[in-house]
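One structure, pasted below without further comment.
We call the chains A, B and C, going by the order they appear; numbering starts again at 1 in every chain.
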Amino acid sequence: MNAPLESRQIPIAVEKKSSFPLDQWYVAAMARELTDKPVARTLLNHPVVLFRTGDGRAAALEDRCCHRSLPLSCGSVEGGGLRCGYHGMLYSPNGSCIEIPGQEKIPAKARVKSYAVREKDQIIWIWMPKQEGTAPTSEPPDYPHHDDPKYKYGFGVYHYDAPYQLIHDNLLDLSHLGYVHLKTIGGNARLHMTAKTVVSSDERSVKVVRLMPGSTPPPTYRAAYPFGDACDRWQEIEFHISHLAIWTGAVEPGKDAIDDPNRGGFHMRGFHGITPETESSAHYFWSMASNRHPDMPETIDTVVEQTKFTFDEDRLVIEAQYRNMQRFNGQSDWTDIHVDAGPNRARRIVAKLVENS
Amino acid sequence: MNAPLESRQIPIAVEKKSSFPLDQWYVAAMARELTDKPVARTLLNHPVVLFRTGDGRAAALEDRCCHRSLPLSCGSVEGGGLRCGYHGMLYSPNGSCIEIPGQEKIPAKARVKSYAVREKDQIIWIWMPKQEGTAPTSEPPDYPHHDDPKYKYGFGVYHYDAPYQLIHDNLLDLSHLGYVHLKTIGGNARLHMTAKTVVSSDERSVKVVRLMPGSTPPPTYRAAYPFGDACDRWQEIEFHISHLAIWTGAVEPGKDAIDDPNRGGFHMRGFHGITPETESSAHYFWSMASNRHPDMPETIDTVVEQTKFTFDEDRLVIEAQYRNMQRFNGQSDWTDIHVDAGPNRARRIVAKLVENS
Amino acid sequence: MNAPLESRQIPIAVEKKSSFPLDQWYVAAMARELTDKPVARTLLNHPVVLFRTGDGRAAALEDRCCHRSLPLSCGSVEGGGLRCGYHGMLYSPNGSCIEIPGQEKIPAKARVKSYAVREKDQIIWIWMPKQEGTAPTSEPPDYPHHDDPKYKYGFGVYHYDAPYQLIHDNLLDLSHLGYVHLKTIGGNARLHMTAKTVVSSDERSVKVVRLMPGSTPPPTYRAAYPFGDACDRWQEIEFHISHLAIWTGAVEPGKDAIDDPNRGGFHMRGFHGITPETESSAHYFWSMASNRHPDMPETIDTVVEQTKFTFDEDRLVIEAQYRNMQRFNGQSDWTDIHVDAGPNRARRIVAKLVENS
């Protein structure tokens, strides 16, 4: 029954060459987001509904009833499935319709796409395949720190009106701290810009290590740890296709070695899941964990609050940057400077994966 | 005096094959909406200004002064005409300019389009012709219930960010009541889905009759009539090109026959004028009348209030449905189920009329 | 480093034939707007950042850091330059980058466009060249009244969602006062429409003079000057490419000659800088100065307040007009009336200059 009117509408979710690396795990949600209500989220241009079945298993379906197109996220979780809120069709986690109220026979075409999901390390991962319906060829990345008793974490889920790679750029180049985040984790601008930076990479990851001995402890560090006038700061940034893991912190000068993996001092463990929503927008799932100084055990709330403030500052900058790129000629004439080594390597990795997707 | 700047702007109201049935009466307004101020409303892509002249006659003009394009709806009603709010040009209900302040001669081209309107049954109807300037070939449809002393009505005018036919679909298939409107007129979901439904139609109308004996009285019914544990419900839906008339209600079991046109019990008479605004938006003019039980004479306010709540729920669903259709492939792959017989007949009628428009 | 993603974005500021007169001075800002923070403003499709250096000189640069495209207006003024708020690059008023923190060598391409600006008569003028980088061939227009001790002025900066020439039209044809501005400077509608109007012009300007003896003093006039029942009003409108200078006022009948340049009475001196933002939007910089009657010395605040109210009314009308032009066929079928002589001459002057730009 195709009336001329709607069939003329332009489809948004067209099949075409992807702008994103496929056959990859991406973050779909933080585990604590998914309770008893379905969650609607567009991931890599796919409108997806996430939900938990009655036994707690996470599931992901195309967010559209095959009958009259209502988002399934407007419906309700019922036992082992998800029921549409318009005429009550019930779908199982594998996408097949298992009940049409008032009708005995269920047509074979009454089904929707389903997506492979995994719940791991308090993160809901989703597999975005090159070819629809193919099974994952790997397991999701590890991120053990959410369950590490040394740390306690808080998290946030941000929507960005900017392409995902601008967030990669931002996180891979922490030299911006001295200009953007003076109120929280900034510190000495000059020290950030001149810190010795070691960049290494392989086919799927980039690592940037910066050591800044003799730093002035920035406000967030002071709020969380009893530093004196100076501290030795480190930043270890690991870029992976779907996320970054950033380990920063500081030790008291002379007490611990700044580059000893077992160093004491103040530690912040940041998880940064970055999932494209569309070519021009992204989801940003962050968590921030910190250790507890024995005399200052309740500082994690302060750290998370200031982290949130810091990430708000980043969002302002990156969205302003993207709006400006749209007004001007994209990024075709960017002038690179010394801090761009890490970001540029990550862009080369992504570009190669996109080419093969 | 056509400067290059504005002449380059893309016209929205282009002349092209219509997406709507033409040579038809549509609802332009509820009579009570039209007081001493002009009302701007786009109908079938035509920007129209509605107003009443000094003697109370309704009139409709193209909503644009021929001098410098200000909407005439920004002006004011003055005696027998409508005066532009920029330089004071005065238009008669037939579209001709009858005064240019400060200028004696009125050029022949100083005029705007006019539309044939009728006020009938407390509804303002407008004729949308295939060919501009041709007179109506019929009179507007009858809807006697607004003036029937057995009933009292309330009304609402809604704007829909969705194509008009999605509202037809919704109203022709009341099986959705059990899922969408549980808080008001819903009742037993299963009973709605399995009720015997008789669908009949001719070239300009569809009738859907559903009988549901042994229903649980839903909240709105209980609020308006002293039902016991059960009632025998009926739904009679009549689709016409411009509107639907829906007669629903319930009788006490054993007291009246559910299919007797003169049955007693609780009655709701719904008028649903549905006028396309554009291909992707619509105006929805509804009224709801109910009879009065001798012991519960003031229930109509409750019925109208709950009707409004119910129609708000419908709007949420239909607009979500349409947004999702835009994200996906329109309606090209909808899977029909048993409840779609009535809606699909109406779509066939409209499609045929559009083809001839 | 051009990833496929962003390079696909459509540039807005494309190089193409201009829709505006070029090699002209335009108003970029009122002098008092420019303090210690940079101001972002798009002028003739050019995104510009305006700022004052430490020594108070006004400067204008392209509003985009050449490194990663952040608007320079998100940065901060520092000594003789403007520092980007992302990674700290510092730019001089001539557009060259003079510092990259942490990097010794500054690449030659590390620079942005700069614009010639002049501060004169309490107005910041900017030169918009046909060919990038060419120097002004003239000095900005004179407007001596901001510094005239006889007058005191207030000002406003409005953004218009309408093309700049619709504002020219509005100001060159003050016959709309009787319909749009009854509450402030309106007065007798008929008198406005029938006033004798003298229009003269040359290649770069239009002058419209209207005399209205025997007018009823409108509310703003009464608030500012002790008129009796009648006054003799005059309006002298001068259109220039970048702005209009409007000298209006009234004398007491029999006391001064209405057309004597040295007449007494109540005077309003309006400056109206109109700078296109894009083809469909504009900046409107207005100031209103009035003289002081010895018995009513503090009336300028009232006059400015009511002027603001009047200009708000104009904006409502002009933006409604433009929205309607977009719905209909632009201005291709406008019907001219007697009041359009002045506006049409200005449009011919602009059209000719645009053709040569």
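Everything below uses one rule, namely that a contact is a pair of C-beta atoms (placed from the backbone, for glycine too) under 8 Å apart; a residue touches a chain by one contact, two chains touch by 3 or more.
No experiment lies behind these values; they were computed from the predicted model shown.
Thinking of each chain as a vertex joined to the chains it touches, would you call that graph a line, ring, star, complete, or other?
Chain contacts: complete, every pair touches.
Could you check if the interface between copies subunit A and subunit B is built from the same residues on both sides, meaning over half shared, or from different ones?
Both copies, subunit A as well as subunit B, present different residues to each other, with under half of the numbers appearing on both sides.
Give me the rotation angle that lays the C-alpha atoms of subunit A onto its copy subunit C, rounded to the nearest 5 degrees.
A turn of 120 degrees brings the C-alpha atoms of subunit A onto subunit C.
I'd like to verify one number: the distance from the centre of subunit A to the centre of subunit B, where each centre is the average of its C-alpha atoms, in whole angstrom.
So the centroids are 46 Å from each other.
Would you give the residues of subunit C that are in contact with at least 2 other chains, written as numbers and ranges?
None at all.
Within their complex, state which residues of subunit A touch subunit B.
Touching subunit B: residues 1-13, 47, 63-64, 66-71, 74, 84-89, 100-103, 107, 109-110 of subunit A.
Could you list, by residue number, the parts of subunit B that touch subunit A in their complex?
Those in contact with subunit A are residues 19, 163, 165, 169, 173, 175-176, 178-180, 189-190, 192-194, 279-280, 317, 320-321, 323-340, 344, 347-348, 350-351, 354.
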